[in-house]
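Before any comments, here is the structure.
Here the chain labels run A, B, C and D in written order, and each chain numbers its own residues starting at 1.
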Amino acid sequence: MKKMRTLFLPILVILALVISGCAVSPGSGSGNGSKKQTVKIAFIGPLTGGNSRIGLGGRNSARLAVYDANHNKNNKYHYELVEYDDENTTQAGNQVALKASSDPSVIGGIAHYGSVVALATVDTYHKAGFPTMIWGAVHPDITLGNDYKEIFRVPGTQIDQNKQAAEFVTKLGFKKVGVLYDTTDYGRGHFKYFKENLQKLGGQIVAEMPVQPDQQDLNAELTKIQAKKPDLIWFAGLAPEGVRVKKQMDAMNIKTQFMGVSGLVNEEYNSALGAEGSEGSLAIIDGAPTSSLPGGEKFMKDYKARKYSEAPEAYGPFAYVSTDLMIQAIEKVGPDRKKVTNWLDTKVKNIDSMIGKVTFNEHGQNDMPLFTPMVSQDGKWVPYAESEYQTGKRKLPGKK
Amino acid sequence: MNKLIVLLSETVLFALLILFLIAESVSITILFIVAGFLCAAAVLIFPKKAERIIKPFAKERRTAIIFSMILMAILPFFFTTQPYWLLTLSLAGIYIMLANGLNMQTGTTGLTNFSGAAFFGTGAYTTGLLSVHLGLPGWLTIPAGMFASVLIGAILFFPVLKVKGHYLALVTIAFGLMFNIMLNNTDAIGGPQGISGVKAFAIGGFDFSGMWAIGPFIFSSYANNYWLTLLAAILALAFTRYIYNSPVGLILNYVRDDEWSSKSQGLNISYWKLIAFCCGNALIGLGGALYAHMIGYVAPDLFSFQTSLLLLSMVLLGGMDSIPGVTVAAFVMIVLTEKLRVIQDYRFLIFGLLVIIMIIFRKEGLIPSRVRPYFPKLKSVLMKR
Amino acid sequence: MEDINLQVNAGDFIGLIGPNGSGKTTLLNIITGMYTPSSGDIIFNRTPIGQAEPHEIARLGIARTFQHIRLCNELSALDNIIIGYFGRSRFSIRHLFFQGKKVRQKQLADAEKAVAFVRFFSEELVDRLFDKVKDLPYIDRRRIEICRALVTEPKILLLDEPTAGMNPEETMEVIDDIIKIRESYQDMAIIMIEHDMDVIHKISNRVVCLNYGKKIAEGTFAEVANNQEVQSAYLGGETIA
Amino acid sequence: MDMIGQQLMNAVMLGTMYSLVAIGFSLFFGTMNVIHFSHGDISMLGAFIALFFVPIITQYSVLGSVIMFIGAIVIVAVLGIFLSGLVIQPLQSSPQLYTLLATLEAGLVIREAIRLFYPGGKMSQKFPIIFPSGGFSIGGLTIRFDQLFILAIGVAVFVATVLIVNKTSLGMAIRAYSQDKEASMMMGVSESKVIAVTFALGSALAAIAGILHGTYYREVIYTMGLTSGIIGFSAATIGGLGSIWGAIVGGYLFAFIQTSVSAFVPGGSEYRDVIAFGVMILFLLFRPTGILGERQSERV
């Protein structure tokens, strides 16, 4: 009898839990009044951790695209953005990729900022037949290294970016380049293609220094590079490290021209260096600054109106366009993964978007990538073509 | 009667687990967590009453273990459409192996190992490389991964046998960092991009990446991998338990607690430390090998200091030298962090605070290790007198 | 330490005395290999063991106890004794890992023997064999330590102040235990460090006195007690007996 | 030639930063036999607390800098005492692993707290330049004024620390405590006082290291503590845990190895940590007590 009583307690607890659980769950459902069928789209990116600024910027832009779509009266469906955090790690990336792609109610995904994460998950998307737009990862292999029909990418690859970067550098007359790059996939990838393209154009790498991304002291490396007297110090890595390099260059009184990759172009670089420190730094970005994009002004206005607490950052526009394209596809062929994949695969030719025309090639890679060289002027990143450096009013430190 | 209690309470626990996993809504998750905390608190406050529920388990150990295995084995039937949770549970299984391997080193033998992730990586990379470049089958690559992990561990550990305490901690920290840097910088093994396209495990013509069905239930590769991991985890746990209850476990405990008196009992402590390190690494390597086959992709980012710290926290939270404790801790930490993506950015902060609080107020961990009964028969004989 | 020349024969009971810091414990540590002698050697059964590792020496049949009891407090009392069997190579590694029925039975027999050892000392302690060592009273812990040293029936037993930190009654109990050991194992040599001269007088057949790391006297209790040097070592010349 | 000189200068500067952190490790280990793993993060905290004083600096320049230094040092010293009471003293009687892990996690908590709660804490922060810029050249070797200032402060701090520990009565108490806990307490040394002074002193050194790091590199970021903590620990170990001069020597040695690998081994800069840590492991094998550590024998 006593034993029966001990059993009684857990059963009571379970009953209570189940009842309360049932009571809670219907309330949490979306009670949206629209009669349209709801279609889910996944957004996957680093929402926490060191890269969360860019991840949150991308997410906000994707939210904006969904918001716009839902306020378009002509649309047949109501869209819902399901957000997943990949923490920019392969393990979490795999988990959320599976979570998104295994949920049949999710039609497509806007995924990943980190290239390694994207490389780790493309198999999962392919297996699930899950149409995926890569919004921020730039490693070429993500689209070009496989035959997966489901993977698309609007931003250009590291190959394209560095081809243009090399051309830009050569055009400005920099011949001898000293290189620092971080040993992540990002830095290494950029360096590989930059070197290839620069050498094709007759440039010369006088020193190459790989550094750990968390290395604080770069004096030894910079001293060594400076001893080779380069025209330009080129750095491949993200903004915090870029800040470190530039700060230490300043401290060492190295006046050589400094140039970075797309990861450098954000507010952090300018705010940490101050207008004086960042003045004249060069970089090249995918697409163009939001303001000079075809639909940039409207995007910025809408973005501000939604009062997101984080800036869109460099890849926000791509996340917006990716989401928008996904929605267009669903509008055209309905919420069916296979049809959406097919549509994206075959029909995206010269489609107008806020970043200009988008065309997917046979790998699902946007064939018309747009790149803009940028220069930091008065504490702001501006397109080089529109800057006072172009007009000759100011002069780059190392320019001949 | 005891049997009934065991069967019933296990079924209930199992049902709760499935409900917990399926529940999407945040409020239910939190409800579950609060309930879990309350239960844990109740066990701590009323140990006598809790003993009454635990006792049937001790008496009907065989039934309890077999039935829980059956329950875990039928779990994929509930998740045919949600392979995500199967992946997460498989990961939890792998972490159970890793944490138990580390427990054998740190908990049982007192060897502070801050490079668990490095040996995890050794197993995963070896398996991945052999599978991708040589196309070896899984039943060869998995033992190879284990072996590599043991070998690398022994090579590192053999010279530092004489180094103790803080110094051993520092050596392993340094080794873990060096390992991660080397993975990132060596292009031959993929550099920062790691190795992709590791084949799924396959045996006797059955490919674990394939789908199959029983009636209306369709099982994906994740279910297959889940079973594989479950099997491996059960074997690993059986192995650790066997070691723990064998004279070897006693000897390792002795080496941990008092080196001098172990020496005076004729124990070659260097030898036994090496044995413990290798056994632990075999489990860690096994986890790595299974991970490589399951995910199909191995990259350096996972094998970092952060992961080593996570593994050590599992051992510490669960209870040093306590196999059930470490197992529960590994399981809860993996599943709960998945469930608690809501708190997002504050995860690490909360986590760190939790570990500190635990260390200060309950050093022995979640489920403290008990005095081990080496000679239960003898005990009953003695107690009768 | 220098100039120590000590011969121990089977069946000897040597009382090792000397003032604090005279090197008694150090001598035991050197014999058991915990410190390595810089010169000289220790010969055991015609084997030199001066440079050997502690565990090798232990396996040859030299067992010891420690001045401050060294047991594993988290383990049960019985396990602390059993380790003596496992350590001193009664089992090969294979048997420690893979226990067949036979090995298991042998271990059980050993365990029963260990219990018999404990019963030999104290009947009450048998009931507490499965408790954690740290919960036992001090004297019982000392007994456990002695049992651990005794279980494999060593050739030489080294006792480092077994009565340290005990009240007179407990001291008497321990000494009785040691006398029991003496009587049961006639072939075993025992070296015991002890401060209480009555005790030394009672049980040792030979006494060695150390001072400043040197042996200053050796012989029967009476011989040593009357030695001038010994007397001056103890409290500047007062007689000790 | 001037290349070597310049790199030597780089190594000296780096070594000064490392040594300041390493001394703390040595001090804590020597006194209380603990490894305080959040020490690196304390130094990061010092730099971020100094940032609070930035508005003053621009107003009063030199005076402001002094106030910033002293303010940050005092606050961090108090926090250090607080932290020791929270995570180190309760664990004194338990195995080393617990202290190690508790302090590691404490470091993680400090790091995460800065990342989450400091305004814009995810980004690198601009650190004010408080020493005069510019410099001079001697035979092709360029020496900057800020380097000289940092070096001078570093050396002054080294000397001051050694003096405090060796010459003052507080230092005597610390040394007595580290040699024999029970005996020193019988002699009237107050345990809580010794612990408080040790942690205040060590944390103050960490704060100085953090601020100097900030002024030298001109930016600080929340992740800087982890690396400097591990390197400081390694440096203290190479030098011999417990010895203050050892920690200083170890810090410079570690910096020297890293810099020379970066500077003179082709393609070596990505392996500089690998080589530095490898050397450290070898050191531990052949001389487990470090360069200046005392050879201790264990009491049986």
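Following the convention adopted for this analysis, a residue touches a chain if its C-beta (ideal position, glycine included) is under 8 Å from a C-beta of that chain, and two chains touch if they have at least 3 such contacts.
Remember, predicted model here, so these are calculated numbers, not experimental data.
Trainee: After masking subunit D, report the chain groups that remain joined by touching.
Mentor: one piece
Trainee: What's the farthest chain from subunit B if centres are computed as the mean of the Cα atoms?
Mentor: Most remote chain from subunit B, centroid-wise, comes out as C.
Trainee: Going by C-alpha centres, which chain would you call the most central?
Mentor: Most central by this criterion: B.
Trainee: So what's the Cα centroid distance for subunit B and subunit C, whole Å?
Mentor: 42
Trainee: How many Å are there between the centre of subunit A and the centre of subunit D, using C-alpha atoms for each centre?
Mentor: Centre-to-centre distance between subunit A and subunit D: 37 Å.
Trainee: In angstrom, rounded to a whole number, how far apart do the mean CA points of subunit A and subunit C lie?
Mentor: For subunit A versus subunit C, the centre distance works out to 72 Å.
Trainee: Distance-wise, how many Å sit between the C-alpha centres of subunit C and subunit D, to the nearest whole number?
Mentor: From the centre of subunit C to the centre of subunit D is 48 Å.
Trainee: Which residues belonging to subunit B are in contact with no fewer than two other chains?
Mentor: Where subunit B meets two or more other chains at a single residue, that happens at 181, 185, 260, 345.
Trainee: Hunt down the residues of subunit A that sit against at least two other chains at once, touch-wise.
Mentor: Subunit A, residues with two or more chain partners: 52, 183, 210, 212.
Trainee: What positions in subunit D touch 2 or more of the other chains?
Mentor: 270, 273, 300
Trainee: What residues on subunit B touch subunit C, complex-wise?
Mentor: Residue positions touching the partner: 243, 246-248, 250-251, 253-254, 257-258, 260-269, 371-375, 377-379, 382, 385.
Trainee: Where on subunit D does subunit B make contact in their complex?
Mentor: For this pair, the touching residues of subunit D are 29, 35, 86-87, 90-91, 94-98, 100-102, 104-106, 108-109, 112-113, 116, 230, 233-234, 237, 241, 270-271, 273-274, 277-278, 280-281, 284-285, 288, 298, 300.
Trainee: List the residues on subunit A that touch subunit D in their complex, please.
Mentor: It comes out as residues 50, 52-53, 183, 208-212, 214-217, 219-221, 223-224, 227, 239-240, 243-244, 247-248, 250-253, 268, 271-274.
Trainee: Touching subunit A in the complex: which residues of subunit D?
Mentor: 3, 6-7, 10-11, 13-14, 17, 120, 122-126, 135, 142, 144, 146, 213, 216-219, 221, 223-224, 226-228, 258-259, 262-263, 267, 269-270, 272-273
Trainee: How about subunit B: which of its residues touch subunit D in the complex?
Mentor: On the subunit B side, the touching residues are 106, 110, 112, 159-160, 162-163, 165-167, 169-171, 173-175, 177-178, 181-182, 185, 260, 309, 312-313, 316, 345-346, 348-349, 352-353, 355-356, 359-360, 363.
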